[in-house]
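Quick one: this structure, given as structure tokens, is what I'll be asking you about.
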Amino acid sequence: MAVDANSGGGYKRAVGLPPGTLIHVGKPRTDDVGLSVINYSPSDVVERRISVEECDGLLGSDTVTWINVDGVHDLDLIRTLGERFNLHPLLLEDIVNTRQRPKVDEYADYLFVVLKMLYMQEEDGSLGGEQVSLVVGRNFVISFQEQPGDVFDPIRSRIRGAKGRIREAGPDYLAYALIDAVVDNYFLILESVGDRVEEMEDRVVAEPELNVLRAIRQLKGDALLLRRSVWPLREVVSSLARQDSALVRPGSLPYLRDLYDHTIQVADTVETYRDLIGGLRDIYLTVISNRMNEVMKVLTIIATIFIPLTFIAGVYGMNFEHMPELKYTWGYFATLAVMLIVAVGMLIFFKKRKWL
Amino acid sequence: MAVDANSGGGYKRAVGLPPGTLIHVGKPRTDDVGLSVINYSPSDVVERRISVEECDGLLGSDTVTWINVDGVHDLDLIRTLGERFNLHPLLLEDIVNTRQRPKVDEYADYLFVVLKMLYMQEEDGSLGGEQVSLVVGRNFVISFQEQPGDVFDPIRSRIRGAKGRIREAGPDYLAYALIDAVVDNYFLILESVGDRVEEMEDRVVAEPELNVLRAIRQLKGDALLLRRSVWPLREVVSSLARQDSALVRPGSLPYLRDLYDHTIQVADTVETYRDLIGGLRDIYLTVISNRMNEVMKVLTIIATIFIPLTFIAGVYGMNFEHMPELKYTWGYFATLAVMLIVAVGMLIFFKKRKWL
Amino acid sequence: MAVDANSGGGYKRAVGLPPGTLIHVGKPRTDDVGLSVINYSPSDVVERRISVEECDGLLGSDTVTWINVDGVHDLDLIRTLGERFNLHPLLLEDIVNTRQRPKVDEYADYLFVVLKMLYMQEEDGSLGGEQVSLVVGRNFVISFQEQPGDVFDPIRSRIRGAKGRIREAGPDYLAYALIDAVVDNYFLILESVGDRVEEMEDRVVAEPELNVLRAIRQLKGDALLLRRSVWPLREVVSSLARQDSALVRPGSLPYLRDLYDHTIQVADTVETYRDLIGGLRDIYLTVISNRMNEVMKVLTIIATIFIPLTFIAGVYGMNFEHMPELKYTWGYFATLAVMLIVAVGMLIFFKKRKWL
Amino acid sequence: MAVDANSGGGYKRAVGLPPGTLIHVGKPRTDDVGLSVINYSPSDVVERRISVEECDGLLGSDTVTWINVDGVHDLDLIRTLGERFNLHPLLLEDIVNTRQRPKVDEYADYLFVVLKMLYMQEEDGSLGGEQVSLVVGRNFVISFQEQPGDVFDPIRSRIRGAKGRIREAGPDYLAYALIDAVVDNYFLILESVGDRVEEMEDRVVAEPELNVLRAIRQLKGDALLLRRSVWPLREVVSSLARQDSALVRPGSLPYLRDLYDHTIQVADTVETYRDLIGGLRDIYLTVISNRMNEVMKVLTIIATIFIPLTFIAGVYGMNFEHMPELKYTWGYFATLAVMLIVAVGMLIFFKKRKWL
Amino acid sequence: MAVDANSGGGYKRAVGLPPGTLIHVGKPRTDDVGLSVINYSPSDVVERRISVEECDGLLGSDTVTWINVDGVHDLDLIRTLGERFNLHPLLLEDIVNTRQRPKVDEYADYLFVVLKMLYMQEEDGSLGGEQVSLVVGRNFVISFQEQPGDVFDPIRSRIRGAKGRIREAGPDYLAYALIDAVVDNYFLILESVGDRVEEMEDRVVAEPELNVLRAIRQLKGDALLLRRSVWPLREVVSSLARQDSALVRPGSLPYLRDLYDHTIQVADTVETYRDLIGGLRDIYLTVISNRMNEVMKVLTIIATIFIPLTFIAGVYGMNFEHMPELKYTWGYFATLAVMLIVAVGMLIFFKKRKWL
């Protein structure tokens, strides 16, 4: 279920070990992990795909180096990278344990940012989450994803094409661009969640069944996952934008503030959706109880109409010797007529009272 | 629905582009956009309607220039204005993306304010929102609306007629006047929402049907839209009134504080309406269940009265050979009398217990 | 309704006018407004009732002058006073627009305080609100009421009789005494609201009808009005007590802190009443549903007892030729006896199960 | 009711009087009030019981004097004490008006602390509150109780027996000890409230009747009284522990912090109980509706079983001339058998569906 | 019940005693308590198990000493330790009173930390809590547990094996490691609570009975216990990580911040579980009422079908002399056929309306 994305599953192995011990917590994978490296300066771009052994001397003196790692289950690779770039063991532990909350940690020589990337799972249309970690140094950015993905592709092509100011700016701007790509992706997720909410509003009225209730809970879980990804992110971006690190250049601040506005917009919309989803259950219950009432009312009205008629029939079914009506030639038909009149009268009465 | 006014729809096109890329997000329009320019000083007013090419040399050294743009879908115009007035690309992006939250951004040479103007949509009486952006410089104000509107007309005539202190004051006072016009407009909206709430309170008792529930949800959405327009505005006005910018002169501060009081009044009333609207659903459910109970009670009482009567009829419908009552001449009528007594007795009993 | 006391009604006329334009918003009145003036010093008191033309030279060099205005609909009077005492146009606008929130504004030469006086409306016992504005200068206090009232009478007699330290103290103490009189009045209102809450708790159990629900809503609206009068007042008094103005002398601070305690007490009690009122609706629903259940249960039990009896009667109403019981002399009476036993047995069973 | 303990009752007399006027607000008492005085130093203890006239020269130069007053309705006594010890009129007013909120006021020469002592009322087991006021000076403490009580006895015996550091410490430590005694008493109250909550949880399931609902409301009121006594006390103790007064010696701070921990513990437990009490009503409603459903279900099942049987009887009660079954010798018994089979079949069906 | 773990039970004995009096509040135990002592430096480890008389001269000048006490009911031992290590009496009181809230107190020479260790109780699978207290001095840590446990074993083996940086670091790092072990343990607890929540979600749909409601309340109590253990712990760790004590070395800060992240993760997950558990009751009520509605609907439909049939039978049971149908040879069978048609027709109608 969606709530598990941040919760305790898989912790059993890690308990009691010294801090900084690398333990991969997340979806198990075993395939090879490659490093894709982009070196760029205002005038030049070099792209390479290397293995971890080749990652010495990657950094240029006047270029920005972006190393992207598509998988965090390869602990050797992470450890090697950690040694080459002198990363703190706790930071490495957080990279491979994919149950972090979005956060920013400031170290002496680099910033460490943890984000949640969200995507629609193909099986059932529910939300899935993936951890993205960024290490932002003076002239490099290392990004870690759990799985290969295409959300950073537009940034690659902006670097290649020198679109915007990305080539002129430093690693802080690159980090901004990466976070921005993740946040932009939230808007797409929001749109799809919004569609599902609207669809559910129709379904809940049309077919108020127990599995709709289940779908609502699923939606609720997804909104919760969104919320838990976005709210801490707000603080992350806000703390970056407050320029409390020498690694963030003043020129990047307007972009970070803009990004902050976006995260607030996402958070706002998530709250609205949570409200709407919370209302869905109320609608469900109202519709259910309306239906049931409708049924009971009609059935009770049928019973109520026939009960006096049956009583009349019962009266003339009595065996008294002296019942003058029984002797009349038209007694039977008169009785049937009376019954009809009673029935129609009651129907009119119910109609007038708007009970039908 | 109302909630969409600030949400993710239409974001698909913008994802992945470099920041500062101009993409119009909002209701699509294609018609021409004009600029209306007012130059005023304590002694003089000049009004012109120009095209974007003519906007050089608009600013006078000792006059205040107000440029109003009635449409943000013409990206060329926005871009040209941006170049002439040296506006930050992110600011331009926010102007054309009409899904911003109300906010104030401080740049070196100007303040950037985003507001939401609200209006009643003619189709269905629900609320619609329009984004108004203000750029407030040292001697100019540029205002951007999504559509031509008449909410700023009173300010134009105050400038023309030199009513109040507007001609003596600077662009900060003009910006105040524009925001004040938007907030004044909220009071009208509030009045109409208040009327709808009261009307709904009557309707919910008179005709508690499912489409009333729908109307309540619509009202709720409108109140939410109001809230999301007003709450961030409070912070905007409060931050302007705290005089943290050289662009806001001390003489304007009392006016901004007054404006702040107004936004608090609006926010307060919105909260009250939200409370009342939240209560509407409870009233609806109570009324519905009261009605249903009323129906069921009456029907059950009818059934309950006839069941013992039918039983009596059933007794004398038995075919025992030795049933002395059957032989009595008045047996039948006595039985009918007993039935009448039982029925009336039960009715009296029910009446006494206040079940009828 | 009570909620309107602070809301948007009557704003239509004011929209679009320059700030500082005097527009009376409130209950329309047309009668003449007089000024009552008290000049006092530790040794002397002079009371006069003057018209607005005579208000020059009112202020003495070593006396405190209290000018009370019993009505704010006379815009000329307000304007004249404003000119004589050099009051800010926005302040005058707030005085005549009686839909302000309680607040304190600090101007260079005076403090401006807005309060809400509450009173029980005679027509229907609901709460009404009246705006009281105070302008506190170095040697004068001007108080504005919407209608002549007697809540300030005790203070007048304290000035006349030199009771307490009022004659020794300055205008800040007088202002404190006026606000204190308003807050003391809240306690009376609270007492009457408390009585109504208790009365309603009994009524809701005794006669749970729809108009009780209406009375609860009325009570809720009154509590809301109280709340909206008291909560901002807390901030007003707290900001006065924090001695951030040269107009408040240190000797008055203990009194303001005491006043602050009182406003907190009022606010606390209001919250308690709001809680209790919120619970009333739950009690109402519980009582209603208990009653309905009681009715349905008794009726269903009656039906349930007669249905088996009717079945027995039905059995012996069958026309089979070979039904030995029908021939027995005592068959009929035996059957009646069986029916009685069944009925009594079921009653005992229901009694034991505590269904009756 | 419990909520009145802090509310407006009895205020009518006080409205309009100058501040500092002594008016006893609380349970009326007329009996004599005595003063008990303890003078102690590390080496010596002197206890006396005096009348108010004898209270001159009570304070020793190197001893701590604790004056305990068992009643605040004797306004002359309070006034005399106020004069002797130079107490502020507002402080005296707060002592005799027993509707204060717990608070601490700092005066130049003494601290004024207001607390609420709680006790179980013997009549109905509900909570009652009593106001305890402390004036803490440089070498004395005056404590005011509404009624003679024994909660301070352990402290007296600690002073007499020189247990702990009380004799070595100053009046601030004595004040701490008195407040601590009141807070310790809260734990006893909590225990009894906890017992009542548990008892109520059983009762609500066993006998869900309307007077249980009443008992729940009583419990709720008691929890509210506790809360309103404890929450402001937290702030009182916290502000004392922050050492913002010269009257609190550094050596007492660890004790005050410990006391602060205790008040938080009490506040925490109160919140937990409030939660549980809030849940009681839900349990009540669930149990009630479960019971009602149980009844209705059984009754409906009885009716449902007999209705088809009655139909069968009705069929063979028809008077058609050609009804072959009526002629069969075993027709009657066969019909009875069919009826039995139908009834048993339905019972089995209901059983299988778990409706019984 | 779980809520008692922090509440008032057992306080009766302690009321009225001077502060610092040692009173064991917690599960009664009488067995002997031993001290296990580990002395370690980067180069060396010495482990001993001693009695309290031998604890002089335990501390080495260049080693870290960790003294673990497995039980706090032996007041003599606590008192002796307190004297040897010069611990404040209030601190000792808090150690033996196991109803503390997690907190950190800073004394001149040591920090005092209180934690809650949680474990699953074997009897009924519910959560139990145990108090762990730490005294962190310049070169020693004393840890107090209520019962011997194995949660600190991994740390012992890390010290023995010199795994990680524990041997190089000081007592602050040891304290961090101990708190970390407790927090790691929370993750295991969370996992089991999560399993129980998921299990309960299935059970509540499968067998919605009153004892499920009881199990939900138990789960709620456990989540509350977790919450009350974790939330104050957040503040504890946060205050340690803000380096406001000379006893916490800068090198330990990243570890404390990492620990802080973990406590936030735990707190987050607890809130999510609380949400889910809160929803369980709603699901329960929905399932219950759905079931009941299902039953009532089917029963009512059965009754409704037979009532018109019984009416028809009643009609032909009337004793009129002139009822032509009664004479027809096929009248009886025709009537039966009509009844069948009516019954089937109604069933089809109900089916179409989806009432069946």
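So that you can tell them apart, the chains are marked A, B, C, D and E in the order they are listed, and the count of residues begins at 1 in each.
The rule we apply is simple: a residue touches a chain if its C-beta (ideal position, glycine included) is under 8 Å from a C-beta of that chain, and two chains touch if they have at least 3 such contacts.
Everything numeric here is computed off the predicted structure, so don't read it as measured data.
Counting every residue number used by either copy at the chain A-chain B contact, under half are found in both chains. When chain A is fitted to chain D on its Cα atoms, the angle of the rotation, on a 0 to 180 scale and to the nearest 5, is 145 degrees.
Per-chain Cα centroids separate chain D from chain E by 27 Å. Chain B and chain E have Cα centroids lying 44 Å from one another.
Shown for chain A are the residues in touch with two or more other chains, namely 296, 300, 303, 307, 310, 314, 317-319, 323.
Taken as a graph of touching chains, this assembly forms a single closed ring in which every chain touches exactly two others. Here the chains link up into one ring; start at chain C, go to chain D, and the full order comes out as C, D, E, A, B.
Put simply, chain E touches chain A in their complex at residues 153-155, 158, 163-166, 177, 180-181, 184-185, 187-188, 190-191, 194, 198, 205, 254-255, 257-258, 261, 264-265, 268-269, 272, 275-276, 279, 282-283, 286, 290, 293, 296-297, 300-301, 303-304, 307-308, 310-311, 314-315, 317-323, 353, 355.
On the chain E side of its complex with chain D, the touching residues are 1, 3-4, 6-9, 11-12, 14-21, 88, 90, 93-94, 99-101, 103, 105, 107, 210, 213, 217, 224, 228, 281, 285, 288, 292, 295-296, 299-300, 302-303, 306-307, 309-310, 313-314, 316-319, 323, 325-332, 335-336, 339.
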